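The data blocks that follow each hold one structure.
Two complexes come next, and they have one chain in common, chain A, joined by chain B in the first and chain C in the second.
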Partner chain A sequence: MSGEAEFRVRVAETETVADGIRRLRLVPLGRAALPLFSGGAHTVLTMQDEDRVLRNPYSLMGSPFDSSSYQISVLRTRDSRGGSIFVHDKLKEGSELSITAPVNLFPIDRRARRHLLIAGGIGITPFMAMMEQLEREELPFELHYGMRSKAGGAYWSALRDTYGRRINTYFDDAQQKIPLTRLLENQPLGTHLYVCGPAAMIDWVLTEAREAGWPEENVHFERFSAPPAGAPFTIELAKAGRVIDVKPTQSILEAIEAAGLTVPFLCRGGACGQCETHVVSCSGTIEHNDHFLSAAEKASGGKIMICVSRLKSAGSRIVLDL
Partner chain B sequence: MGLVFKNETFRDDFTFSNSPAAIKRFPFPFHEDRYMYTVNIEPHIAGPKGSVYEFPIDIDEHYLSDMRDRALVLKEDPLRCQSLPHMLTAEWDLVELLMTSMSESYPEHFTLTREGDNWHWINRPMGIDQKFTFGDVATLPYRPMEYITRQCQGDFCLLDQRDGDLWMDAGIVSTQADWSLDFDVGMSFKEWHAPVPMAHEVGVFDRALKFLLNMQQGKPVRRLNWTMTINPRLDTSPENYHKWGKDRTTVTPENVGNKVHLRVELQGLWRLPRSNAIVFSIRAYLIKMDELVTVPKWGRRLHRVLKTLPDAIADYKGTTRYRQTTIDWLAKYDDGAPTSKGCWPD
Partner chain C sequence: MLSTGIISRPVYPGLTADLKARHNLFAVEGEGAAAVLDLAKKTPPEFFTKATLLYCPAASAGKDYEKQIEARQPKALWTFPTPATVMFRLKGVLQTATMGTRLYVTGTEPFIGLALKEALEAGIDHKSLITEHRGSAKRRVQCVHCKGFTENVTTNPAKCGHCGLNLLVRDHYSRRLGAFQGVCIDAEVPGEAPAPEEIFP
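Let's look at the complex of A and B:
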């Protein structure tokens, strides 16, 4: 029973599994096994890129029952911060890094009579682990998986081999589209819907589900935001008595960490609520990028999720209760 | 060194008592001379050797008698153990947590051997030798949660996490301070805490819920809760109120020392791996006033805590009828001297 929540791992294997998608297998360093996890869980990778520390969340896509290694898949994106580029260009077999203990913000709801999984692109990864667990627990599921193309989609062929007709694939370049309306209208009572993919796809599925009369409790989604870049601004930590500049490609959380301070975090994607921080005062406008605070809380300006949210205009200043 | 298990009862003739060693390790809950609700959650990390915090799951001299009492409760009322159908994965997670912890902490009493899903469990004090297939209910004589909790001290609840809340969807509760799993099963975190006075207003449950929803694997936490019980009765359930409620009227200045017990619950919380559920364990420790005042600091402090306790909390804890009698009795152990910070004996 270890009390630690972060461990060192080594990259044991890398593989390009589709255009722009790289799979990594991570094995533990200095301990025999990694904790088991539940389908839908993620880990946060800490990557040391020269003088910069990057921490990004990635869904665990390997078997939840394999304690010898974790697997993640990363899509190369042209995000301004360079996390995915670091994974693609700088990590190699033998590289060592730190990861956090698994956290699940996208768990299976085992009350469901049936599990309807909708994936878009790299959003397939949490479902890989989830389906392995659903299969083992003998829970009925079906997957509908949209991709740009056969070459750009990961794992679809292997998934078909493993799960047969429960895997339905759709390729944009063949003008195939997930028949969402029909799917949502033709499910037995007690079905739960899960969606993970690009933001626009999640919005589409949630809207359609609402219009089709699905109860909110039966609809689950995983929406991580990478912290967006923006204008530089200044934060003041009221309790610590520190003034810190936040660079255009840094989040507030990253700027605080770069200054040598630590604050609690879990998902770093604006979803879990762990880094919720009280605002003492603010000279500018907060750009709320999280999915945690309610619309009313965002409007009041009294709280900010420092992992993804920032100030809109250059030179403005926010005082935080930290 | 092995534990020596006592043979005692928690009903009828009430032969339960604490050895001097058990008194010394009693988890006295008051770190100062007054009491108020707080989010008193701390990491469940190893504490001093010999203390109730030494191991994740504490087994003590009352083990066999506790387990005998639980079996009696379950025989009379099988609904003390309930699990909604979607909690089976969490039940297996609990089997792993308890068997692993018990065998690692007390290897002379418990042994677990695992080869893949083929598990072999030996419980020497209870004379159990069980081979089973992890994940296969048919290979155990009971459902997984009931199987292992008939062999582990403390009540256990399994909380499912969904929709930004926790749901009490399974549990075994036979040593409770006047609450009922049969009543609470399926309730959300705030529903089952609704009867607690004063704590809602100070936001304790909002903060505790947010904390628990983000609890991580490998980082269990604990807190202490307390109440008072007349006679060393583990099963003070609403279902059996007719058997023990009247005990509260039997306290006299002459019998306080033997009848009135401080009841402390060591509550542990763990995130489970496969199910993402949370285990909530509630381990009750009883100590009679005669035993408690053998530690002078505890006698002084409990006297002051009871004297200053807000009436709403005293009522909620069911102490109204005998509180003043107990305060009067404890007064002779309170010389007014200052008490040191913290819970441990001086």
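Let's look at the complex of A and C:
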């Protein structure tokens, strides 16, 4: 299980790269090199914040060909459960933490004849690594990158310097918008589309692509959900024979880990399916927050993705096959 | 004898219209024309005004399908004498096509296989292709020993048209080659093979 392959790293460098966006460079501790990864991969950081353990996925934005360090960029979010605030306020050069081996749920499709990359805000990070790879392999690509403002957007200037006219930038405060309809109409057959950004932007791109007659096989997206907060409830682990309370700001997965148990996980964002768990019985209604289960599976109530989904009402109880 | 349960055996779910597509490109062989006409009954007329059809009458020659398709007023209907000439034109059309083009293929299995090969080379995912099998169950077979392709195989076992070995035609299929794999059936005692049965009529 790659979710369990963790190793220690040290923060070697921090930099504020735009308003509210901080870049970290992580170097290995006790080993010479980090595993290589492919563009689009992410790692999960484990952050010890006083008595609380936070685990958040972040896309690797450095070069996939550099095993001496990993780089991530983190946006400070207002509705953060604490992960991004911890990265911004508590991590400093010299801090040590654990990360998981990289996993790629957003890879380049090598059968594509052309790659159309669409980024919104901090969603630029997986594309930074992807473009390094595309450039080295001499594959044709173009990036369309929307940001709130010049000051709030990261890396756009450096990207323009590196990749020239293949980088197209759009700033909200200058009323610039990605000309999606025109872009989708004029791509040669065999083009693959990749989108990463805020949920509303991903929805917009997926809908427009469908309307433009793009087959779903050519459209790729990465959407990490932070586990939403909600009502407190109780879980019972049928095999382990444990009863655990899930706090309002905890996910089921976090509550299980806080109780000292380990279960398989990869993305912790409802995308990969690794933590799919069978439901033995449930006294309440499941609030499915993942992007993995089909609508039919969600309706049946037989499965739950414990990284992001929870029960709707306080005091209800779910028995899991764990 | 076919070693069923081999998951590379393609399935052809039948033609359904992608109404969002900007352009509908059809490669049609023989009785596949009847599948196109069946689809036409279930789709709005606009669907065919956005359609280009590459059609090889083959086994359905003289059946008047061409006129019936023309009555649907497609954007273009081109007729070709052989599957190979359809493929040549298909390659050219795919080279200049844009995203939003949906490819439909219907006819015998070797024809669908050859069209899929062109589609893959043009960067179309095999899952994006919309297919329907009509007409003969004949197979295109590659001899795994001499690598030669034998067309129009209707029996099992079948003789390799190149090296002459007796081949067991398996369900093991290659999308890249557009062919089923044929493996020597009498390697231990040459000539000691079951009699060929016509099982792909």
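Observations
One rule holds in what follows: the second predicted complex is superposed on the first by the 317 of 322 C-alpha atoms of A that agree within 3 Å, B and C clash if a C-alpha of one lies under 4 Å from a C-alpha of the other, contacts with A are read in each partner's own complex, and residues count from 1 in each chain.
Note that a residue touches a chain if its C-beta (ideal position, glycine included) is under 8 Å from a C-beta of that chain, and two chains touch if they have at least 3 such contacts.
Everything quoted here is computed from the prediction, not taken from an experiment.
Model built by superposing both complexes on chain A: chain B and chain C clash. Once the two complexes are laid over each other on the shared chain, residue contacts for A:R113 go to chain C alone; chain B is not touched.
When both complexes are overlaid on chain A, the residue A:A41 reaches chain B alone and has no touch with chain C. Applying the stated contact rule after C-alpha superposition, one finds that A:L266 touches chain B and leaves chain C untouched.
Look at A:W214: by the touch rule set out above, it reaches chain C but stays clear of chain B. In the superposition on chain A, A:A258 makes contact with neither chain B nor chain C.
Contacts of A:L206 after superposition on the shared chain: neither chain B nor chain C is touched. Look at A:L97: by the touch rule set out above, it reaches neither chain B nor chain C. In the superposition on chain A, A:Q187 makes contact with chain C only, while chain B stays out of contact range. Put chain B and chain C next to each other and count what each touches on chain A; the higher total goes to B. The clash between chain B and chain C in the overlaid arrangement falls on one stretch of those listed (73-81, 145-153 or 235-243), that is 235-243.
Under the contact criterion defined above, the residues of chain A that touch both chain B in one complex and chain C in the other are 111, 217. Those residues of chain C that touch chain A in the complex are listed here as 18, 20-23, 94, 97-102, 120, 122-125, 127-128. Here chain A touches chain B in the complex through residues 1-5, 35-38, 40-41, 64-65, 100-104, 107-111, 133, 136-137, 217, 266, 272-274, going by the rule given at the top. Residues 43, 45, 56, 84, 86-89, 100-101, 104, 135, 160-163, 210, 213-214, 216-220, 273-276 of chain B are the ones touching chain A in the complex. Put simply, chain A touches chain C in their complex at residues 111-113, 184-191, 210-215, 217-218.
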